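Labels run A, B, C, D and E following the written order; every chain starts at residue 1.
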Amino acid sequence: MFLGLVIGSVWATQKEEGMDNLKLLIVQPTDASGLRAGAQVIAADRIGAGIGESVIVSRGSPARVLFGGRAVPIDAMIVGIVDSFDIAGDTAGEEENGWKKSSG
Amino acid sequence: MFLGLVIGSVWATQKEEGMDNLKLLIVQPTDASGLRAGAQVIAADRIGAGIGESVIVSRGSPARVLFGGRAVPIDAMIVGIVDSFDIAGDTAGEEENGWKKSSG
Amino acid sequence: MFLGLVIGSVWATQKEEGMDNLKLLIVQPTDASGLRAGAQVIAADRIGAGIGESVIVSRGSPARVLFGGRAVPIDAMIVGIVDSFDIAGDTAGEEENGWKKSSG
Amino acid sequence: MFLGLVIGSVWATQKEEGMDNLKLLIVQPTDASGLRAGAQVIAADRIGAGIGESVIVSRGSPARVLFGGRAVPIDAMIVGIVDSFDIAGDTAGEEENGWKKSSG
Amino acid sequence: MFLGLVIGSVWATQKEEGMDNLKLLIVQPTDASGLRAGAQVIAADRIGAGIGESVIVSRGSPARVLFGGRAVPIDAMIVGIVDSFDIAGDTAGEEENGWKKSSG
């Protein structure tokens, strides 16, 4: 998986089978310091992520196991909304955007 | 998935099993600002995307679930044609090429 | 899939199960202008591609569906030999190497 | 797989099905000299890896086979904690962080 | 698949299920000229590859088909040891490291 920041959402009327009723978000991958890390990804979201939130994205066929036998042709899914994180011994606080390290 | 701009199409007479009757488009991945983001991809299209349109492309085995039990050796599929998108609070209008942000 | 130019072939005597009788070609990914686009790939070929030809390569498990239940541990397959292509409104001619755009 | 250094861990309360009770670590891919090699990855850990340890990470659907029939939508897993390694004829010692080459 | 040079091996005592009795090698991807091409990969080896040898590596789930129903969480496998190769009309000789082109 990778860390990312939700920066937008996309709408499509003409789409493939299995893409109905999917919320699609634009995610900018980042490192733990909040710096950009690679190209933007479009990920499906079922857990209520919003613009400005830090998320964990899973890619490839693993992202699809959640749909069981249905033919859903997605390759990226938001699997968690980041609350906080530890990095090299420091503990990040409960900031909405968890990328700022506290001195704790 | 990733955002991209359809820039062309490809024809091949000699091809592998399962590649018949597939429309293959050349897609330039872009970010939400329309800037190029990585190498071009050849994606199969069944939803009528055309040159100059902004699309959503899914890669890997997820792209293949749409063909059920058939052996179709593709690894990229156009799964949506972009109508509009929100980016960091702004709403993109209904332009044919949705990459221009409106001030809405 | 991606566009590429076949630049060579490789032979291996010691190899894994399922790799027998596979023709393995070295492919340089390119964009539609013929410019290099990323690292070389070794792809299996069953459709008679040769050095100097422009091909379409599919990667990952999709490349393996062609072998049905057999355990063939490949991750890249040549799925088409390019005849010609359209790019941003122009039509490429019937040149053997289709990357040169005609003014048509 | 790739070599990496565990640099942190992440917590998420809101998450997808199948993500419960998973320890998620932030891993910085490195080469055998300890130099950074690409973007950070979030990997699941079941073998007790800790911050500062060198690990082997497996990506994609292989990372998911360990969960059998359960729908666990991860795409990266720590599959080993590095004890030592040989590189170009030298033997790395038993340092906790095995990236320093001994002259052995 | 990709071409690479075996530059080392790794040992891990603490590891995931299915990782026992696997020889893990560090492979530096190269192009056909022997130049580095991307980040090092840890690949499983069952065909006796050694340090200094040129190999063909397959990635992703294809690399796992060789283990049948067993849950082996690897994502890269050495599938061939390079004997020689043709590149753009020239034939590489039988050198142990086949990357030097002969004028043949």
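One rule holds in what follows: a contact is a pair of C-beta atoms (placed from the backbone, for glycine too) under 8 Å apart; a residue touches a chain by one contact, two chains touch by 3 or more.
Predicted model only: the values in this text are computed from it and were never measured.
Enquirer: At what distance in angstrom does the C-alpha mean of subunit E lie from that of subunit A?
Expert: Centre-to-centre distance between subunit A and subunit E: 33 Å.
Enquirer: Report the inter-centroid distance (CA atoms only) between subunit A and subunit B in whole Å.
Expert: 20
Enquirer: Could you pull out the residues of subunit E that touch at least 2 other chains?
Expert: Residue numbers touching two or more other chains: 60-61, 63.
Enquirer: So that we know how the chains sit together, what is the shape of their touch graph: line, ring, star, complete or other?
Expert: ring
Enquirer: From subunit B, heading first to subunit C, list each chain in turn around the ring.
Expert: B, C, E, D, A
Enquirer: Note which residues of subunit C are touching subunit E in the complex, please.
Expert: 7-19, 24, 26, 39-43, 51, 60-61, 63-64, 71-76
Enquirer: Quick check on the complex: what are the subunit B residues that touch subunit A?
Expert: Listed in rising order, the residues are 1-3, 29, 31-32, 37-38, 46-49, 56, 58-66, 68, 77-89.
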